[in-house]
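Handing you this structure, nothing more for now.
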Amino acid sequence: MPSTNKKKIINDPVWGFIAIKNEECFDLIEHPYFQRLRRIKQLGLTHLVYPGALHTRFHHSLGAMHLMGQALEVIKAKGTHISEEESLAACLAILLHDLGHGPFSHALETTIVSGVSHEELTDLFLAELSHEFKGLELALRMFRDEYPRQFFSSLIAGQLDMDRLDYLRRDSFFTGVSEGQVGSERLIKMLNVQDDTLVVDEKGLLSVEHFLSARRIMYWQVYLHKTVLAAESLLINILRRAQYLAAQGAQLFATPHFFRFLRKQYSLADFLDDPTLLHSFARIDDFDVFSSIKAWTEHEDRILSSLSRYLVDRKLFRIYQSSQPFEKEFIDNFSHTVER
Amino acid sequence: MPSTNKKKIINDPVWGFIAIKNEECFDLIEHPYFQRLRRIKQLGLTHLVYPGALHTRFHHSLGAMHLMGQALEVIKAKGTHISEEESLAACLAILLHDLGHGPFSHALETTIVSGVSHEELTDLFLAELSHEFKGLELALRMFRDEYPRQFFSSLIAGQLDMDRLDYLRRDSFFTGVSEGQVGSERLIKMLNVQDDTLVVDEKGLLSVEHFLSARRIMYWQVYLHKTVLAAESLLINILRRAQYLAAQGAQLFATPHFFRFLRKQYSLADFLDDPTLLHSFARIDDFDVFSSIKAWTEHEDRILSSLSRYLVDRKLFRIYQSSQPFEKEFIDNFSHTVER
Amino acid sequence: MPSTNKKKIINDPVWGFIAIKNEECFDLIEHPYFQRLRRIKQLGLTHLVYPGALHTRFHHSLGAMHLMGQALEVIKAKGTHISEEESLAACLAILLHDLGHGPFSHALETTIVSGVSHEELTDLFLAELSHEFKGLELALRMFRDEYPRQFFSSLIAGQLDMDRLDYLRRDSFFTGVSEGQVGSERLIKMLNVQDDTLVVDEKGLLSVEHFLSARRIMYWQVYLHKTVLAAESLLINILRRAQYLAAQGAQLFATPHFFRFLRKQYSLADFLDDPTLLHSFARIDDFDVFSSIKAWTEHEDRILSSLSRYLVDRKLFRIYQSSQPFEKEFIDNFSHTVER
Amino acid sequence: MPSTNKKKIINDPVWGFIAIKNEECFDLIEHPYFQRLRRIKQLGLTHLVYPGALHTRFHHSLGAMHLMGQALEVIKAKGTHISEEESLAACLAILLHDLGHGPFSHALETTIVSGVSHEELTDLFLAELSHEFKGLELALRMFRDEYPRQFFSSLIAGQLDMDRLDYLRRDSFFTGVSEGQVGSERLIKMLNVQDDTLVVDEKGLLSVEHFLSARRIMYWQVYLHKTVLAAESLLINILRRAQYLAAQGAQLFATPHFFRFLRKQYSLADFLDDPTLLHSFARIDDFDVFSSIKAWTEHEDRILSSLSRYLVDRKLFRIYQSSQPFEKEFIDNFSHTVER
């Protein structure tokens, strides 16, 4: 029995209410590829420092779609014509921009699928979805910056795109780092289009400056927080060890699709050759990685089990900063401690 | 190398900053039993309806500790003596109140550990921790309502306890259901103690009434939201089917500790007999359950795989409400659809 | 040199940004009759208890216009046709709904212009403005509930009108009584029209209930706060004494137009006979009343000067509440104190 | 009958609740000199651009006192000893820091009491109050930067004083310019004292930078907003014309104490010679100035009445900015318009 009562308004503590304005967007959001983003946290392991930072790429993508709708309205109200078709394509494109992200993106990108960037993966997903969804073609052209009216691409991926305007605000909201709150609403009101190029009205100059300052705060206080980096480094090393053991043929608990990526490294060519690879990738998310790590806390390989336990119980590496090279004694001291 | 630079202030988007004021609380928070609460969502599957509702029992417990500190200060300022030791015990007790919760509490309570309540499990954890942490004894007495100064128990678990004042506000915050926002700060300022009993100052009457109204909103719009209930019902049925298959000896992917609870039902007596049971329980959380369900989407048992896929891809049961019994034809219609 | 760069977006800490969407509304807002509302506080003397409550009927009227725009959009999106002309009229009508308010409304209504209600005064203003502004005629019909499509009148003045949805939220915001915050956005999303009658969607039931609870909070904690009532009672008695002295021919400092209303009482018939009366009324606001009272603190009439000083220096009456009649001794005690 | 039930908690939409913690502060707040600040808007005529900006120096001073309390607690918790007496003095000093402000400060300072700065006037008030309030002496020393523990003066008037941390946040709140919101709470948590000098913890560096960025936003978007400057310039010219006419002996409606300052210019020496001057100054506020201007809209001097009408009806000067000198024709064009 098909759903007819499609829920079209979603509560968002950041923007209030997000309305899904057309069927195409609704259907795309319902697709398993998009629903998967519900299980990929926007900020990876940041919640180990900021416990509220559990929001997902699903929620962020909806927020970016919401802002896209507002930006297009502002631009239209200032006299630039935008067709129904273009509106829809822009909304689809921004919805889809994060589709290629894997669990704990950064860690995965350098270990699990080290040969393929998340942009390339997004492209693979879009190519597949375009068979199912007509109307996606224009979205794809905007996404790949191949559409002549260049401002659409700028709204999707540019210096002041809807992606950033959502995630900076959302990350500030969920971490509680209120100083990083960018004035997205005001910036959007200042957007304009000149010769199909996205510009900011002159009186928005200061807002742009303040946006850069808030963004810098977010980088130093959140994205590059030393404890967050320590946790990510730990995660990467856990995955490397697991890959090493898998390559050796060791027994290793892992969810089936995840194991595929532990055992072997794949290139973009592999993905193009074997479509089931993308399907496997589409089945893995934060849950696979973390529940496997949890199981590894009891693995017989002492390195794997120790590192895994450190992450699960939040015994993170500590970072020492120094403007001078560390003295030998200082380093030796650590080596001895570790050896014991 | 022991951590000496203990981080004692935590960003909380709900209350601003939460300060951890003493070493005992800090050490308890560091304990793996408490860290595990980072992986148990406060609201189970509610995020399928309200995508922001991913906050955890870890965050909630810290928030409740924060409010406890404020409540004790208010009460002291109004003339009731509270000793250092009592203060500490009250903070420990509120920190620990949720320790016994398992993943997706309600579903678990009626399926996986159906014989043991989460309060009993909390008690088991507290008993074990009391060997490691001295000073926990008074906390335990307050927790079990055995301490003569009764208002401490009321602050931990009563009609207007710090648990509720945090979770109602926090749930309202993360769901974005702003109407459910209770005036916790004002209510706390109205608290008082008379003959060791917790009371509310007369001028707080209206605030209490409004609290009840906001709470009712939260029940109807969030806790008892029909789609949330549908998702929980789905989850319970998935687990029941998995237990059924496990009992039959079927192959079933599951993280090891989780599998223990799938294969067999345990009673409180079992937990008391075999301490490793509690240790297994302490290793399972939302990740184990959900990553197993994800693997089951490809299980050969068609019932298990279908139900699992419904949950993972968010194809939820629909609820039809009627003040009249449904007509046979209406029901038959569904049966036929399902049969096909 | 006429203003061509009409500023069309106004910052509002309550609703974010208020856009003035058409020229007619802009011109009306620029009119001295509307600008006068800048000098009439929404909550009279409430700021003596809640120091933030200095917001004006000007700001409130803009906010109500903003909500009207949103309500009309919601209703249109649900399928009710609304013409451009009706939209404009509804916005004009809600903008104008408070035009007849004098300074410290309640005090004035029972003393200074005791014979004419603020609704009648609003009507007089609208009648005059309708000569200057064409298009106001339909607004007038809506305002007077004479337009057949009844829901417009309900949006302007009904149980859930835009007036209330703005002022309750605004009063909550500026007083800081956060419990009184009504969920105006959600309520507006729940509005609908059936047979030209304003209705609320069924799932908005709880929101309406919560709205009533929040409103009750505002009544008890703000509008009927005993210290606010004490201040208003003081103000009324000051004005009565001033009128009494003016009637006796005493010298009395007052701004010229204000003095006209001190010296003599006017009826609606007087206003209709002599148009200059309305013009005088249009020149008085909170500033006239309060600066006169400040001058009266040094008046030779001891009653007038004492009462005035009480108000200016915030030495307010105290209210004693009792469920029993006060005993004679209690009252005598006060009489003696006052006599001395 | 003396007030015994002193209200000690004040609702503040900016900081939540402000507690008045001791009797001395309470009594000072009750004093007519302090109550007068209720009638002096923090931002003068800014509300003509940002209609919410009606908050007063009274409210701001309470907010600054609130932050002072928090800052002292933070500093104490980090190990600097602060005596009860010092705490009290610091709170009194910050409460009093704005006492010398007249209505529409900037306009007054350059016209009405052009010979005396608001700091000198504050000093005069403090000197007088110190007869009534013992304990004010230490506050005075801190205020005048004569107390050896220099950080107290820095908290009262320095680069990161409680004055700024309150007014920037408060002005941002009431104008609705949310980008100007400084992270006052976090900055206060980063304060520390080294050798009796106020410092900021190293990890607060970025917060300081962001504070400066937010402050710059406030300057450009609020304090130096061209329409606000136009309104202030208009006000100054009205007052100059009124002084000119008063000096000529023209009839001029004005509240009595205000008239004293229109008729004649006073120097600091005059204030020291004749104590009634300070008392007169203490009786004038925004109400006197604005209600007089309202009366002047009908004055027979055409310049005074025109300018006054412009302000009252908000027909403000327009500002033309150019990086080149304006051409003669452009200017002549205006001259002709004005002449007509």
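To keep things simple, chains are lettered A, B, C and D as they appear, and every chain counts its residues starting from 1.
We take it that contacts are C-beta pairs under 8 Å (C-beta built on N, C-alpha and C of every residue); 3 or more make two chains touch, one makes a residue touch a chain.
Nothing here was measured: the structure is a model prediction, and the numbers come from that model.
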Both-way neighbours, i.e. chains that touch chain C and touch chain B: A, D
Result of counting contacting C-beta pairs for C-D and A-C, higher pair: C-D
Equivalent interface positions on chain A and chain B, same or different at half: same
Intercentroid distance (Cα basis), chain C paired with chain A, Å: 50
Chain C-chain D separation of Cα centroids, rounded to whole Å: 28
Residue list for chain A, restricted to those that touch at least two other chains: 16, 186
In the complex, chain B residues that touch chain D: 9, 16-17, 185-186, 189
Parts of chain D lying in touch with chain C, wherever the complex brings them together: 1, 3, 10-14, 16, 30, 32, 35, 38-39, 47-48, 50-52, 54-56, 58-59, 62, 173-177, 227, 253, 255-256, 283, 285, 287-288, 290-292, 294-295, 298, 312-314, 318, 334, 337
Contact set on chain B toward chain C in their complex: 178-179, 181, 183, 186, 206-207, 209-210, 213-214, 216-217, 220-221
